[in-house]
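Chain naming follows the written order as A, B, C, D, E and F, and within any one chain the residues start at number 1.
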Amino acid sequence: MHSLERPRPDVVPLSPLQYEEIVRRELATDLGTAGDITTAALVPRGLRASAHIVSRRDGRVCGLSASLYAFQALGKVDCRLLQQDGDDVTPGVVLAKLEGPAHVLLSAERTALNVLGHLSGVATATRNLVRDVVKAGPARVVCTRKTTPGLRSLEKYAVRVGGAWNHRFGLFDAVLVKDNHRVMVGGVRAAVVQARAARGHLVRVEVEVDTLEQLEEALAAGADVVLLDNMSPSTLRQAVAIVRGRVPTEASGGITPETIADVAATGVDFISVGWITHSAPALDVGLDFV
Amino acid sequence: MHSLERPRPDVVPLSPLQYEEIVRRELATDLGTAGDITTAALVPRGLRASAHIVSRRDGRVCGLSASLYAFQALGKVDCRLLQQDGDDVTPGVVLAKLEGPAHVLLSAERTALNVLGHLSGVATATRNLVRDVVKAGPARVVCTRKTTPGLRSLEKYAVRVGGAWNHRFGLFDAVLVKDNHRVMVGGVRAAVVQARAARGHLVRVEVEVDTLEQLEEALAAGADVVLLDNMSPSTLRQAVAIVRGRVPTEASGGITPETIADVAATGVDFISVGWITHSAPALDVGLDFV
Amino acid sequence: MHSLERPRPDVVPLSPLQYEEIVRRELATDLGTAGDITTAALVPRGLRASAHIVSRRDGRVCGLSASLYAFQALGKVDCRLLQQDGDDVTPGVVLAKLEGPAHVLLSAERTALNVLGHLSGVATATRNLVRDVVKAGPARVVCTRKTTPGLRSLEKYAVRVGGAWNHRFGLFDAVLVKDNHRVMVGGVRAAVVQARAARGHLVRVEVEVDTLEQLEEALAAGADVVLLDNMSPSTLRQAVAIVRGRVPTEASGGITPETIADVAATGVDFISVGWITHSAPALDVGLDFV
Amino acid sequence: MHSLERPRPDVVPLSPLQYEEIVRRELATDLGTAGDITTAALVPRGLRASAHIVSRRDGRVCGLSASLYAFQALGKVDCRLLQQDGDDVTPGVVLAKLEGPAHVLLSAERTALNVLGHLSGVATATRNLVRDVVKAGPARVVCTRKTTPGLRSLEKYAVRVGGAWNHRFGLFDAVLVKDNHRVMVGGVRAAVVQARAARGHLVRVEVEVDTLEQLEEALAAGADVVLLDNMSPSTLRQAVAIVRGRVPTEASGGITPETIADVAATGVDFISVGWITHSAPALDVGLDFV
Amino acid sequence: MHSLERPRPDVVPLSPLQYEEIVRRELATDLGTAGDITTAALVPRGLRASAHIVSRRDGRVCGLSASLYAFQALGKVDCRLLQQDGDDVTPGVVLAKLEGPAHVLLSAERTALNVLGHLSGVATATRNLVRDVVKAGPARVVCTRKTTPGLRSLEKYAVRVGGAWNHRFGLFDAVLVKDNHRVMVGGVRAAVVQARAARGHLVRVEVEVDTLEQLEEALAAGADVVLLDNMSPSTLRQAVAIVRGRVPTEASGGITPETIADVAATGVDFISVGWITHSAPALDVGLDFV
Amino acid sequence: MHSLERPRPDVVPLSPLQYEEIVRRELATDLGTAGDITTAALVPRGLRASAHIVSRRDGRVCGLSASLYAFQALGKVDCRLLQQDGDDVTPGVVLAKLEGPAHVLLSAERTALNVLGHLSGVATATRNLVRDVVKAGPARVVCTRKTTPGLRSLEKYAVRVGGAWNHRFGLFDAVLVKDNHRVMVGGVRAAVVQARAARGHLVRVEVEVDTLEQLEEALAAGADVVLLDNMSPSTLRQAVAIVRGRVPTEASGGITPETIADVAATGVDFISVGWITHSAPALDVGLDFV
């Protein structure tokens, strides 16, 4: 067990700047130009109601503030949080209690739940994966740029809430020399030298390698980080031995929940996984009127 | 086998109005203010390249035009389609061939694949589910409003490409009387009457019922469609018998890939399923330079 | 007189989501980059003022909250409503009392009045037309998609405030088979069958017919609603007799305030009129400083 | 008859920057997230069609390029103009011939016609009014800031196309000292002095006066233009005599099509009228498939 | 010394409508999708802090409300103003005291200072220039349309705060006949006549002249204002003598801080200078935590 | 002389995604709702014209493509580039030749020149500074986050075109531990450890130090880069000796064109300077019709 002494990613709460536009656009999509015609026809305007946001499955909560903003954007709703982002919940646990105009609770319900279910799904999938890795080795799980269109900033947050770390946020915050770049520029050494020359002193240069020979080249060229792509556990183990802690090592490519423990056991520092962002099933959450 | 004679949802291609803003925003997210610093540092500006978009798994393709727009938004890229939205593919199948500036192919790659992988994932999950249903009964599969924030219009399209139909696009295009509405307005009959009075003659009124008693009430009240919520297959069968084709019947609630064939066998007209939009894993697609 | 027992459209208040952007854009248009240069030059900054929004004509008020938002977007203005959307007013009636910084009252005045005058104009024209119809028959007046660019959602609301109902909000919320569609698809029956096959079970299919023969075909094809286009009162009467209440009937085409009572007297269920949205004169409203 | 020697407002064509966003937003409103479901279900994708945009009434055409942009935003449509903005048409006159994908013609039709009908309505109302004025005196008709929310720039253009001139485009392009300003600043003289001191040398100062005494004050204070508000024709005549051509005179307030000739006969230089923008009925235009 | 009796431009405070979007966009640029990662990693979430905004140089303050909005957009920060826009400050003077969450103060700091430093830089450069002019003659300094992209409205305000006036805000608020226009239209007289005919009665017509002959023509043609371009002080003096106060005179072209006093001494009414907006160095301002 | 062997920053051309919105917004600001009223009144619509963009001063060109986009956004203008971004020019040098509709050339002129003058100003100031540094030592000049609101991405590009490198693009792409962070977290070591724990393996950690003692602490704590703030040349020299090349050294704070050579001579690796972005005077460029 490595979990006690290991570092934790920061889980600083989302800023409203990160989610307000997304939630408002989603509300506008759901309401359209005609609005919630069922509620308009049936619910008396002055009626107030209370409701609970409830988890229907095991999982880790993520995105509560963004989710509740859906209600607040449509009216004055009193929201009391009973859980926080990062808390682990079981079926039936109440995440928040709401009180406000009945028509607001009904009209914002689906938008709120879609946001909460999606982000909690990412956090939950991450958490589950991290649990397996923690038992097997010291590696940190990191996400990738394989995120859902429109939601990168929020999914990166959900990954941290799930206990993993973020790889690059985009093409802008680190150099990653892949196969194609290497070929186009004429070799690893040229790539690293050229990247350092062209870009600022605060930019790290990671080099993707497919073989141990390429690994040696990348180390010799002065890569800051090496990405060990699609290697078997035994090759990964050799790679870790070659690197000897001089630079961080990252394993990636074809790693599944079934194989991740084996990868973690090789001693690599980081394991990057795309499916926690692009393929995590939503967490089932609901709104119960009381 | 019911598939031969059954209707097909329309799969009219996406309009650029539906995806251009989404793709451009995603490109901006990936490029940030600094741009693709790896490509900027390493790839000679005049260099041209060719690449194939390739499927790495079995699945149904969806979102090709939206995906390719990512390249076109960054430069002049020649795109030749070898597959169309709705085609079923196997690992290694080339979906499109691209030729253009190397830096454009590299900088737009992730955005393009994220869009294509997500929509193809929804279409594939839908297709797989529809295949099971088709063998079991005449029911049409329909999606819900449980979609990924920001992507409703595109996911609704992917569902049609997958062979299913769309339920409501939002709160605006049909009345759906749920439990909470019924309670607030004082009964099913009042709800239906009031909805008809308040809203236009082109709006259908669907009523959600949990029991056969409620079903009788809904029919008596003149519901256009009845939503049979969380009923067991045997209850569904009774419900279908009660309705006797007077109005369409829709089953929903807790239906999984494991149970959907049993539900289809009850004779209901429609089965609504949320997870084909909110929890479908992305289809693995890649870009191979040639 | 049919008015007592007849249903009322819902007049649920506008959501700020529906008007805030429109009003802010209009304020920005009126202020430009230089702002209200008259007020800037002349009005002492700390000066406070009171003013009344007053009707200068007979009419029905509509859009008060959207109108008052113009003041609130520029400063803290205390607004007291003396009338509500849907109230009928005469010249001189005070609709709202305002108190706040003089420069805000002056700078937002025109934007506020333009919004209020336009929407009240639509509501008033609708109300006047509905009054005539109510005396002549049971028909409901409905509006069309012939709305002012940029204002559809607000004008649809004003129509309901005026006592009429909404037809489609756009091309998305019902199928309407017109002449051209019928020709392209090869007949009414094919059109209805194909529309039902392609689209969801919550979508109604209305068929436009020009003759009684076409009406018979549309009924036989299973249209949900029939639109009787450009028929004389006597033909409409025959059409109503043919339909015998099986589906709703809607009259449209060339109906003027002069002829609408005759149309209503034929017994059709709905009469759709474009000019209440595209050609209603604005209601004259003003701001009087006190 | 004064028309031959009199100046003409410029009718420089609209820039796409002025209408593209408005038309695209209106298309998005009409299509919603589901799109044109009738056309999607019924119209074969490859089908091409031809259609004419036709006037159904007498009027002056305005907004053709903005209108046709609706088609071009949805697909490749060949548009041939047979009339130009500013042309006078009679019922049945073909304004433009279109050829392109049938689904594009059908889906953009309503947006295109709403834009064209609205702007042509403003141009037509203006033209009709100008015709009456031209017979009565040398005055130029000018519009006001009483425009339809969201359409000021386009309506100001339509006014010029109709043969009238524009007053201020907003609060930013000239100083207009009204009653309330005068009271707040302490008299006409103070107002004019202060406005000149505070604002640039390219800004004109117009002063609204209700009486001949105020007119004398405004002239003495150095107003660039005087606005004669709510004066009877005989008082206007006296005012014109007092001014003796030293500054332009503008009549405004309660001027109707019935009274405008009398006002024009008083010899004022400008007559401002709000209803040509806020209350002009739309011109009836249609799309006929051929 | 002319300063006592001379008029002052209005310095009505900025409206939030003028800066909120600019500041929010700048915050979004600085935070990106990952946010302030230093603060997220290091600053305890509940920690509160106090800080002073301090001037580090001599200058005139401008843009305080826009600057402080950066903090308020990220959280609840208490801001106490010790100086106002238009105040002259020396190194070490505290402009505002802030108290709020430490992470908000740190994350908004750079955006706030960039806004404040830029606008104060424009105001300071203007003030310094105006001081020199005031000693030399009665001329008003005016700015031009040579502003920094994206900041015209704010820079025009900073110019007024600096004690100068605004020339045109854009191409829309006055006619300025330059060389190229004159050539294209065929002479000054034609240009003035045509401009008056085409445009409204509230638009001034300024004519740029390079020689005294052109000046005579412009006066004869009825120009409202003459722009004396690139003339030597002695020629300017002649021009002023020719004009004899009939219209305002404006000197422009190649006027530097070194030559402006000589220009002012010629007796021209206005001197327009571009570099106070496009080339003013930022005022050095800082945030000191206390 | 160090210039021959030293690296060059990449000067990959701007992507249209980086400037189109900025230029279009600036055009909209300049045109307003009324448009270019001078050109509308005076320039015959069919008239074509040719013009040259010319430098009026010595400088380095930057932003040509963004600048020319202003013309292209308003019409079809043929643009032939005679110089490229990064070229050094002298007064009178023609940068580009334009041919197109006269009204487009006139209406887009100011927007184009404002963009070009601003970015060329930044590039020129940077170039001049780099020239001085190159003679004195091996240091690279880097810019800061002290950029003009709204223009960070473009100014960062102009800095590279000027021959310098970019520091952070925002708060998101590297950790920079400043005084305040250090105090809040309790020391340098804690700050570095915590930053590494919280954030991804591709993020560099720079530590700001004011004294040589703090420098030793930062090195011991494992800082990736040290920022030597406000140190005298002699202290900088000692700092460089202490670091001995283990990590990059960056000098910052109060460095002026007068003192930068002395700083460069100390042997630091990087010198960061704010005024090349926030205070660079615009390069004087003009449009000459031919």
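Just a few scattered comments:
Operating definition for what follows: contacts are C-beta pairs under 8 Å (C-beta built on N, C-alpha and C of every residue); 3 or more make two chains touch, one makes a residue touch a chain.
The shown structure was predicted, so the numbers you read here are calculated from the model rather than taken from an experiment.
A count of C-beta contacts for the chain pairs B-C and A-D puts B-C on top.
Averaging C-alpha coordinates per chain and comparing to chain F, the farthest chain turns out to be C. Rounded to whole angstrom units, the spacing between the C-alpha centres of chain D and chain F is 45. With centres set at the average Cα position, the gap from chain E to chain F is 23 Å. Shown for chain E are the residues that touch two or more other chains, namely 10, 29, 31-35, 40-41, 152-153, 166, 169-170, 172-174, 197-199, 203.
Taken as a contact graph, with one node per protein chain and an edge wherever two chains touch, the assembly is complete, since every chain touches every other chain. Contact residues of chain B toward chain E in the complex are 29, 32-33.
Here chain F touches chain D in the complex through residues 24, 27-28, 31-35, 40-41, 45, 73-74, 103, going by the rule given at the top. The touching residues of chain B, when paired with chain D in their complex, are 10, 12-13, 15, 17-18, 152-153, 156, 166, 169-170, 173. The touching residues of chain E, when paired with chain D in their complex, are 7-10, 140, 142, 165-169, 172-174, 196-204, 206, 224-225, 248, 250, 269-270.
Within the complex formed with chain C, the chain D residues making contact are 22-23, 25-26, 29-44, 47, 49, 102, 106-107, 110-111, 113-115, 117-118, 121, 145-153, 169-178, 180-181, 183-185, 191, 194-195, 197-199, 203, 275, 278-279, 281-282, 289.
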